[in-house]
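Next, two complexes with chain A in common: one pairs it with chain B, the other with chain C.
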Partner chain A sequence: MISGTQADSGTSLRTWAPPPFISNAGTRWALYLGALVYLVLAIGSVEVNWARMVLGLERGWAFVEGFLYPDFSSRWGDIAQGFQESLTMTVTSTALGVFLSIPVAVGASRNLAPTWIYLVCRAFIATSRTLNEIIVAIFLVAMFGFGPFAGFLTLTFATIGFMAKLMAEDIEEIQASQLEALRATGAGYLQVLDFAVLSQVMPRLLGLSLYRLDINFRESAVIGIVGAGGIGATLNTAMDRYEFDSAAAILWVIIVIVMFAEYSSGRLRKYIQ
Partner chain B sequence: MSNSLKAVAWRKRSSKSELAVFMVWVLLLAFVSWTFQVMTQDTIWSFVTDAPAQFNDIGSRMIPPAWSSVHELWWPLWETINIATLGTLLGLLMAVPIAFLAASNTTPSATFIRPVALFLIVASRSINSLIWALLLVAILGPGVLAGILAIALRSIGFIGKLLYEAIEEIDADQVEAIEATGASRAQTMTWGVVPQVAPTLAGISVFRWDINIRESTVLGLVGAGGIGVKLEGALATLAWPKVTMLLILVLVTVVFSEWISARVRKALI
Partner chain C sequence: MLVLQQLEKRYPTGDLALKGVSLTVGSGEVLGLIGPSGAGKSTLIRCVNRLVQPSAGRIELDGQDLGALGSSGLRQARRHIGMIFQEYALVERLSVMENLLSGRLGYTGFWASWFRRFEAQDIQQAYALLERVGLGGMENKRADALSGGQRQRVGIARALMQSPKLLLVDEPTASLDPKTSRQIMRLILELCQERGLAAIVNIHDVVLATEFLPRIVGLRAGSVVFDGPASQVDRDVLTRIYGDEDWTAITQRMQAQGRTDSREHDLALSAE
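Coming up: the complex of A and B.
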């Protein structure tokens, strides 16, 4: 006997094809056609300046060479200063951001906060997450002046939104029975938070903080492009001067630090959980 | 008996470990305040204390938004969407083979090829798309093409990492069953591995597309095309009402793409 589906769909016995992803043939072909039309229009609107690209080949090659033989020494002072700013910015913004995200996360949890606080906190989280770090950095640089302090504020703002959103999701999923048990003993609000909530979400809080530390370092390498301090500023300067070997040296250091951070934060998270 | 019971209040930890935890906190706090001092040694505090005045000043200049300038923004917006979409597709094309080379159960050689694939993934991930754009604009010249390639190069790492982890977690029984029928290596891939990871791959791609829309809005700041070029121009000429208009458009686009991505991912699961 052949299985029912094969006989029903009328395919021949020897070849079998998996059922298509979208069962309605009309919708399927309309989607394919739409995608094709879009691709033709989109690729057609890309302007390519071939003459400029031929000129650029030489620079591309200079960059590849720079990547193979990076020049750490001639701009070492600037590079060290940039990394010092990036690393300190990463640590301080993660610490402050995580600290401030805890009240926001509690406020954004439906099971712990009254509705109006819930809405205010959720609105704050949404703002922090939709605004790109670069755009926030542009405004904070305009307000607080150039340098790592503006970068520190940018990363702190982004950290609060990120941590509070993920922590609130976690807090909303804690066991309600523990909350109830604590409340039944007559515990105050802060005691309930400490013994019923914090003890349940602590491993995730630590894990996410380490993850965010990692992200903040990566971001700190970018916001310097708009003047918010850190290694991005050094990189931007190196690119403006067409010093590809110094730029490559900076990229190498970034890659190594990110690899190290990812590896060690992965190890630490495994150890905590 | 009743006396000793009354005296002992329950605590989470013993006194010794309580002290250890306390010391860890003190050290952490000391470390953070030290890094803060190092960071702010060159900060000009008069600029910082001046911030509220600056905030009011910029805020008053930004309102009302220059609604009429929206007509010149449709083309840059179309470019931005193209940068994100074409960049995601191109990134996908490069990420899928790399992911298969990086997954321990599908890689042809665990000692030679796998480390190279893993390095490509890490290198792509650690460099932000804005930095890729900075490099590509210097090489290819300003324009949409540099933006597309920057998005693609950054997406390789993201898609590659999530996909190779998904490949490593597939059900080995299904692969074995296909192999037992005498299928070739390519056939095992097509019928044993690919169907198991296809939904994950679709979900990852849509997720990355959503992130890419967000990132492609600022690529223009370094000259890589799209709406960011207009933003750079408006900021450079201090045309604050135009900046507001651009930010509104960016926010609407980002929220819309997030909504689409959430709908599609829900449909996939």
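Coming up: the complex of A and C.
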């Protein structure tokens, strides 16, 4: 009723708009203008070579043709061996990586580890996450030579960083009261980890492991290109020889396997939650 | 049995939560700790089993100086001190039985607990306690499938699994409805009497405290400002503990309770 009389009394209606993200109007418009100028200059600086575009399109068409008629038979031996290597690499590196990531994750959790261990583990995770798999693979191929062993080490290293970071975040969010209750019973450190921590993060641990298995298979195809073995190496060879039909066959198999892995790991994760 | 001498706790932020608290709890004595929020009640009971590390003072349980213990000694000492929490603090994804058995972790080796192979005697005790707290047949339910009152019963049973000498009880009824609160308080008191346990019970509800707990200790801003029988808690005492307020309603309820208690007592006598 009160608001009714206010509206009726003829005073202008009050309006409301959300406060702008940057409150100073001058700064705001300067930023908009700066962004626009940069965009125009950046587009202007791109050199487009139309002749090369046309040539590229021709080659692209050859590739599309190859893709439509993939040749599975002539290089089947190489393809099968490449996949076997990739799958072995994926499974072993995921298993070892997940196993090693658990102590790192515990060490990287504020609520469980003393500061110096926390810092060491966080530094390790940061290193592992900063370095892209390809860069790590280049290093490890240089150290251990061509082949799937370098790929296995690369993926293990990346898995530890990935799993430990996400698990540590999960561990830091567990209910402190459950930790306290378990400590109050006189349980040892590992028993507290088992009952209060592992039981709370188990679904996430399994879900992330399956997800990482998925990622590792995809990555195993990529790092093969820099010499770390597996199907990526086979693909690289096929491309170097301009055997687009064999390359297409490899890509088809990768697509099918990745989709299958993604679908089944998604189903499994749903089942676990 | 439990002796606290000049217990002090200063948090890293500089807050002085306990300012020299001295307290003696006899064996089998049940004591209610009341006081405003932030008075240091939780800190005080957590200092007893050193979940919170006291800054100064002495804690003695049956003549053993708890403050001087190293980490393995502390774990052994904690086995004799059961704790019950406000939000139950059960491991929610584990079964009721696993939660109960977690009270035996201090007595069980790591691998045995990892494979959940607890001693037959422990499992017998767990079944008996489940029956006693009124949860018979619930051993395989997950803790998060239980109601608040049921969870607190599991919490109580877990504490008793330790075969403790002393119970530390932190706001056992704060998350429960009035009826369940009374049932839980009654259960705790009965169990303490049955087993001759001493207990320190942190509690906000003054009426509930004076009804169930024979001895009341009032804490204000980290110091003990009242220590006496529940019958002596009156307007002046409440003002001393909590500050100025119109306490009429509460004191009336406490008096009414006293009358009904004595009438029940009389009835019981005449029935004999």
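The criterion applied here is as follows: the second predicted complex is superposed on the first by the 242 of 273 C-alpha atoms of A that agree within 3 Å, B and C clash if a C-alpha of one lies under 4 Å from a C-alpha of the other, contacts with A are read in each partner's own complex, and residues count from 1 in each chain.
We adopt the following convention: contacts are C-beta pairs under 8 Å (C-beta built on N, C-alpha and C of every residue); 3 or more make two chains touch, one makes a residue touch a chain.
The structure presented is a predicted model; accordingly, all values stated were derived computationally and were not measured.
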* Check the residue A:143 against both partner chains and state whether it touches chain B (first), chain C (second), both, or neither. => first
* To do: Identify the partner contact of A:226: answer first if only chain B is touched, second if only chain C is, both if each is, neither if none is.
  => first
* **More chain A residues in contact [chain B versus chain C]** => B
* **Touching partner for A:40 - first (chain B), second (chain C), both, neither** => neither
* Partner chain(s) touched by A:56 [first = chain B, second = chain C, both, neither] -> first
* Mind working out whether A:123 is in touch with chain B, chain C, both or neither, as first, second, both or neither? => neither
* Asked: Just chain B (first), just chain C (second), both, or neither: which does A:31 touch?
  -> neither
* Asked: Looking at the overlay, does A:196 come into contact with chain B only (first), chain C only (second), both, or neither?
  -> second
* Asked: Regarding the shared-chain residue A:184, is it in contact with chain B (first), chain C (second), both, or neither?
  -> second
* **Set intersection of chain A contacts, chain C complex versus chain B complex** => 199
* To do: Would you mind writing out the residues of chain B in touch with chain A in their complex?
  => 12, 28, 31-32, 35-36, 38-40, 42-44, 47-48, 51, 54-55, 58, 78-79, 82, 85-86, 122-123, 125-128, 130-131, 134-135, 138-141, 143-145, 148, 195, 214-215, 217-218, 221-222, 231, 235, 247, 250-251, 254-255, 258
* Asked: Any idea which chain A residues touch chain C in the complex?
  -> 175, 177-178, 180-188, 190-191, 194-196, 199-200, 202
* Can you list the residues on chain A that touch chain B in the complex? -> 18, 38, 42-43, 45-49, 52-53, 55-57, 59-60, 63, 84-85, 87-89, 91-92, 95, 130-132, 134-135, 138-139, 142-145, 147-149, 152, 199, 218-219, 221-222, 225-226, 232, 235-236, 239, 242, 244, 247, 251, 254-255, 258-259, 262
* Sort out for me which residues of chain C touch chain A in the complex. => 49, 51, 75-79, 81-83, 85, 87, 89-94, 98, 102-108, 110, 113-114, 155, 158, 162, 168
